[in-house]
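In what follows, a structure is listed as structure tokens, so that the remarks can point back to it.
First chain written, first letter: the chains are A, B, C, D and E, and each begins at residue 1.
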Amino acid sequence: MSSLLSKAAAFRFSEGGVAMFVGVLFVTTLLAAAANLLLPPESPLHVSTYTITLLGKYLCYALLALAVDIVWGYCGILSLGHCAFFALGGYGMGMYLMRQIGDRGVYGNPELPDFMVFLNWDSIPWYWQGMDQFWFAMIIVLAIPAILAFVFGWLAFRSKVTGVYLSIMTQALTYALMLAFFRNEMGFGGNNGLTDFKDILGFNLQSDRTRVSLFVITATLLALAYVCSQFIMRSKLGRIVVAIRDSESRSRFIGYKTESYKVWLFVYSSLLAAAAGALYVPQVGIINPGEFSPLNSIEVVVWVAVGGRGTLYGAVIGAILVNYAKTRFTAIMPEAWLFALGALFVWVTVFLPKGIAGFCEEKYAAFKQRKGFNQEVTS
Amino acid sequence: MRVSTFVFTFILGILVQFNIANSAMAQSQQIFPSTITSSEQGLLQQLTTAKLKQTSTLVEQLSGNDNIALLPLYQTLLEGKLYYVKATGQLLHSEKTSSGERLNHDVFTAAAVTGLDKKSIKKIRVNNSLRKQLRTVIAKATLLGSDVNLRLSAATAILNDVNNGNIALIKQAKTSETNSDIIDLLDVAIAIHTLDNEIDETTLIATIDSLSGSVQPAARNQLVAVRDNQDKAQYNEAVQNAAAAALQTIDKEIEFYAFIEKLFFGLSLGSVLLLAAIGLAITFGVMGVINMAHGEMIMLGAYTTYVIQLIMPNFIEYSLWFAVPAAFLVSASVGVLIQKTVIRHLHGRPLETLLATFGISLILQQTVRTIFSPLNRQVVSPEWMSGSLAINPVFSLTYNRLYIIAFALLVFMALLFILKKTNLGLHVRAVSQNRDMAKSMGIKTERVDAMTFGLGSGVAGVAGVALSQLTNVGPNLGQSYIIDSFMVVVFGGVGNLLGTLIAAFSLGVTNKFLEPLTGAVLANILVLIFIILFIQKRPKGLFPQKGRAAE
Amino acid sequence: MITFNNINQLYGGTQILWDLNLHIKPGECTCIMGRNGVGKTTLLKSLMGLLPINSGEILFEGQSIENMDAEQRAYMGIGYVPQGRDIFPLLTVEENLRIGLPCRKDKAKKVPERIFELFPVLKDMLHRRGGDLSGGQQQQLAIARALVIEPKVLILDEPNEGIQPNIVKQIGDVILKLNEEDGLTVILIEQKLGFARRVGKEFRLMEKGRIVASDKMENLTEELIKQHLSV
Amino acid sequence: MKISNLAHRETWQRDQVWPYLQPKEPIIDISKNMLLYVEDLSVSFDGFKALNNLNLYIEAGELRCLIGANGAGKTTLMDVITGKTTPDAGSVYFGQTHNLLDKSEPEIAQLGIGRKFQKPTVFEAQTVFQNLELSLKTNKGIWYSLFTQLSKGEIGRIKEVLNTIGLYNARNQLAGALSHGQKQWLEIGMLLASEPQLLLIDEPVAGMTAQETERTAELLTSLAGDHTVVVVEHDMEFVRSIARTVTVLHQGSVLAEGSMDQVQNNPDVIEVYLGEEA
Amino acid sequence: ADTIKVGVLHSLSGTMAISETTLKDTVLMMIEEQNKKGGLLGMQLEPVVVDPASNWPLFAEKTRELLTQEQVDVIFGCWTSVSRKSALPVLEELNGLMFYPVQYEGEESSNNVFYTGAAPNQQAIPAVDYLMNDLEVQRWVLAGTDYVYPRTTNKILESYLIAKGVAPEDIMVNYTPFGHSDWQSIVADVKKFGGAGKKTAVVSTINGDANVPFYKELANQGISAEDIPVIAFSVGEEELSGIDAKPLVGHLAAWNYFQSVESDANDEFIEQWKSFTKDPKRVTNDPMEATYIGFNMWAKAVEKAGTADVDAVKAAMIGMQTPNLTGGVAVMNKNHHLSKPVVIGEIQQDGQFEVVWETEELVVGDAWSNYLDGSKDLISDWTAPINCGNYNEKTKTCSGQ
């Protein structure tokens, strides 16, 4: 009977799927890492550091997409502001990295980051205190987005802000943050943001080893997040979440405090996004208020939609695929890549309403049926 | 479609007609004839060889005699149209027509001079200080003239530069002046002069009192000078107290106007928000399509304005009248196209319309970039949209904003009428609430969808025409309004047109009252936070849809 | 009046109607009966054009209509009262009624008085939102709305669901009146035998997507009922 | 709860080792044998009085029928009791101690008040089985739901309900694909699965055949006693078959109350509701 | 390699495309021109164009792509400071070479970048001098978009003005967000500020799209260039071509180049540009001149070094002179900044500038402002023995190394 549960609409991914996903991820990651570190650059199998950083970036985006998918695909909370958590996580990490520069900045000030010297700040603001400690910075990286998600979620879900109202509010949130971070008075480097990082935990950020390690760490975290999310979504909690998506009022009438569930999920998702942001920054080398831009968040939603929302691996696939397409298009057809990308979005939404994952599953199901694999559920 | 082609050709036809008429008008412009003394003639010849810095001394010398006959010269120089023939030194009024050819006239005789090419004439350069000087010279010369408007601007100009040299002229002008506005100005000028030169306490105090109602900056500055002066003995305590009291009255008045002004700014910002959002209130609010390409519809409208102006370069003054319907048609047709090709497939999947339209917005932007280049395009403001309606020296209403407020309200009314009073409106709402049932009641849902989306997009296009008068016409135009538009619609309450109106205006006014206190950036942030918090109180916006069905 | 020939209908993978044949006589009031989930609503939706059929033919007054849109069918004179009422919740009662006006032959601009004679409650509620009405009031509105288009055939899907007894009776009277006096053809899905017997002239019994019995209402025997309607 | 069972609980079921993780059984004080007090209740919408000084008392274990004209306010009354609508005035008490008006919908549901809507509402994207699973009476906390698994007993319970509502064969179907009548049944099933103290049932037999109606009647009668049931229905035959006490609402207040016979012969009720012939 | 690869790193989409596309075209034109002349060192130049899409992290990524995947020898690119800052660490890590052609806030000097745009002392300071001396301006509005360039410039100007004896209450500083479009209140404030009887000017570091609505509002509220002139550092011919310039006539801009400058090199350049873009209305602007200078200098340096190798070219660059478009020569200094003339122009009705003032001689670009506390003592010198971008003359150390 309980195997029957796994047949439920939203939870089609079989047990083997998780293992497969994690397996594929790890094998690719390790192969790429090894190919970068062990093979000489001349070797045709050598994976360049460029590719490694690129892959690292994709994986960060995948994690972010996962975060969005969890709230949108499963709970129907369309967040158009998830990049706020991503960027906050990124800023947390950026602050830590800034403090690591120490007196190697251009002004040689051991305490103040360059941009503060530049704008005549005489001491480091209180909210930069302690950010030179890695552990503290990591707490901040996760805590600030989580607190923001909690406060925002608590306010919004408690007052039953739903649907597009919620979406637009999340957008307003990230937009407001963007404007705020653009302000130089905020002490986060204004438009230029935080950049010119030197090292992390004493490892030189420019070295291939560090890059590869960051890449591997990202992959590990993504795998972990994936397994964790899969566990959540397959638990009863996951089903309740889907129930809330489909009929919130019904869920309330059978006794679920839907607002708590939503807040919980929102905070969980914000943590994933924040972690993605924190890993993103040392790999791309800059964090700037542009990351808060509402359009970025919309793009993340598009990745998820392209991949297939409501399936975890769909989100991951979507993020990687769209970003890969972007990388290719901007290089091979710089003038026309927006056409291609725009057309892709339109095409996918119209013709693959369930995204790539949904499409594959349909085909797979049809294939199974044809092959006579009819597995009637027995209970 | 056939209708739109027809309308287009029709408009084009009219444009061509007017083009011809307009260039004919330009040719008939007159330049006054005159006679000039020989000493002036000499100075004039020096003009052609003088460096920019010397020009100013030459003008000073020229204007010494107050020769009205030189007025056309000053005027031409001021407009930057004074040229001379390199070979002969003849001074020309030279002007380029929109078709690119140059029309040359002798400055003084107004006789057409032909047979000159670009290389054989040279411009006499002017700069800001020279222009200022010329204006004063012209003011002096026109203060006694017959044209009321010229006299008015002369009086205004002279107010900033009252001195012993021109006080006699001012007083003379006052005796012959009939226009009360000008008399007021001249009075202020005389008072300023009196304050500066008089030593008698009672006269000073009386003059100060006479100025206490005036919000002229020059008068105020003079009073400040009196109040704060330490050196001049005649400004004793009583005089300074009187000045301080007068300043207080003036400042109170100024404050009042500042308040009204802020309100006006707020309303005008609100009207821009309203225009930007109102199309969305239909496509998103009524139809439920989360139309991320809405901004691009606005952009298309703005580009249409640009194209219309390209088509009718001599007819800029009236171009907006054509731009409005044209922009409506262009954006509406694009909207219908989008609806028929994409949105139609997304019934019942509102969130997905967000994704598809996001893709469309990318495509549209890049299309515009490809066709018109990524550079901004130049849209000219017609004369009647420029300048301001001066209520008094510290308070004036800019015309473009006034028109845009009126226009926004007009568009709003029209839409309200369509949605509330016509069958289309009824059908739109029915379809958006229950498509199947609407079909069963004989509503042609496909057509209604297309028309509604077209309407919303068309209105966005119309908004684009208005925005082209305020801001850049470039590929990014749409993006800068999309977030605000959504914010307005949601704040007002989705599906409620009146809510959109009130939301737009209240956000505009709030913003403008915050801005002086916090600066523009923080004001923006605060407004956003305010909206976020407000939605907690009213999760469905200002005017939520009430009743059972809304749950 | 209406003939279904070998209709097959599928929802995704599951077939609901199986080679269904049905004939509705003009001017009659035909009752379609069957257990929950046998496909009665599906049948009516297919007739209205809201569900595509996979094969078969539907004839309306001799004309084949299976390829027409629902809106065309409405213009041809099919009035539909769906199960679950499907009122336009945010339109006022008046607007709900006005929706159908363009379908009328006489192109009237106002909702005919007749409607309010049949359903007096609606008169008091003209300016309230349809969605705010109580379930029963909505049901009456739904019937009234279908009548506004001046249909030749009125199809009703469980019209008495949630209606107070005296109104049920009234509705019965209305249907009888429309059917007998105006000659309107009526197709009625009804679970309550009493009501079906009172207004129906003909009955059709459905089971598993097929019509299994059809006859005059007088001939609806206890045996048939037991066989096809009881659980 | 049997002793052996208790021991088993404490040692084996991880989520129940810690007392704070156990669902707290709400204590409903029914010492006066009254379960529900509705007093002076008024609700108005934009000036329209849907409920007008309504008083209603429901005894524990009672099966009460609520009838009344369309628009009389029956559904609105249920809305108020379950926390969906806030009244303008009046009080609603569950037992002696629980003021329902200051509780949210989930709190009220957890107190043990279940509801079936007039228009069937189920989780359309989940299967029939899952619909029932979600409505089971268990701890509804987040962490609990995250780690819990369906126990044998719970699965048995769901099966039982599936059989009762005749949807066993449809258990793997998405609820959205059910017919109207089947959804009605499913919703009743969800109500059964959640084992509430008080069942508020709005028009359960609408769209059911005569036989199904009978079955529903039996079901409800059997529930009464252990549970308290309030049924709203317009089908007089059905009401007659189950009713002990009937309350008639009219224009937001009680018009008549009593046994079926009394009510049926009340001229007022006949006039506004039943019609002459009934 | 049989070609020399030239990377072009300018945004072709997104918000910056509006400015940067032109520079991409300029580089392509220069390359085409050079190839017509037979290329460099007997090799053809091959452009590699990528689109960082106005997305700052992408600048770093694309820089890496250009340097490691495409193996370009030089990059021409970036517009905004943040994009340069994003690319910088990658350039330094991989020892790339970049020419940055836009006027910027200074306070930077990297061994791997040559800055061919103006530093603040080559634009802002002369502009203020002009206003103060020639127009006798006494009150100052420093209006800018809220980002680093305006902040720094205004900071420098503020301390410069105060050093020149301007009272702090005669300086009004105002910042607005990017793309600010509603200028009503600010213009009204400026009007009030300027109505106090002292000659007032606005020094505008307002960026990009925000300019059009700003000038329109100025005109509509009746503020003319004669009353309160605005001198802008980010408004050039390109920007003006998208504006109805009527209301702007008389306002000023300070640059190192104007299209209207009369010189043979310029005429030729304009001609070439128009034919390259096949658009007789296309205008030229200062960053294009900076690109022009940068490209020619690089080409010359490659020839001088006899190789396109980065280190050799870098060494050859210093002291290099090439003609600029204003009729003089540009000199590359040890601090990787150019010596340039400063010109101030008034906007004309046709969207062109009329030069009203210019420096007598070349101004040496200063990487570290003398008017900022933190940078007073810093100099940049990329020749031995200092070989440092931020050398502290007081402590005699090179910080950050």
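In this text, a contact is a pair of C-beta atoms (placed from the backbone, for glycine too) under 8 Å apart; a residue touches a chain by one contact, two chains touch by 3 or more.
None of these values were measured; they are calculated from a predicted model.
Looking at which of C-D and A-E shares more C-beta pairs in contact, the answer is the pair A-E.
Using the mean of the Cα atoms as each chain's centre, the chain most removed from subunit B is D. Among the chains in view, A has its Cα centre nearest the centre of the complete protein Cα set.
The distance from the centre of subunit A to the centre of subunit E, each centre being the mean of the chain's C-alpha atoms, comes to 36 Å.
Note: centroid distance subunit A to subunit D, computed from Cα atoms, is 43 Å. In terms of their C-alpha centroids, the spacing between subunit A and subunit C amounts to 52 Å. Chain geometry summary: the mean Cα position of subunit B and that of subunit E are 30 Å apart. Shared interface positions of subunit D, defined as residues touching 2 or more other chains, are 45, 84. Residue positions of subunit A with contacts to 2 or more other chains are 179, 182-183, 249, 335, 338. Counting partner chains per residue, subunit B shows two or more touched chains at residues 366, 521, 524, 546-547, 551.
In the complex of the two chains, the subunit B residues touching subunit C come out as 423, 426-427, 429-430, 433-434, 436-445, 495, 545-550.
Contact residues of subunit C toward subunit D in the complex are 11, 14, 33, 35-37, 41, 83-84, 121, 128, 132-137, 139-140, 158, 161-170, 191-193, 229-231.
By the touch rule above, subunit A contacts subunit D in their complex via residues 1-2, 4-5, 7-10, 232, 235-237, 239-240, 242-243, 245-247, 249-258, 260-261, 264, 377.
Within the complex formed with subunit E, the residues of subunit A that make contact are 48-50, 53-54, 57, 103-109, 115, 117-120, 179, 182-184, 190-193, 195-197, 206, 284-286, 288, 290, 327, 330-331, 334-335, 337-338. Against subunit A, in their complex, subunit B makes its touches with residues 284, 290, 292, 342, 345-346, 349-352, 354-356, 358-363, 365-367, 370, 479, 483, 486-487, 490, 494, 521-522, 524-525, 528-529, 531-533, 535-537, 539-541, 551.
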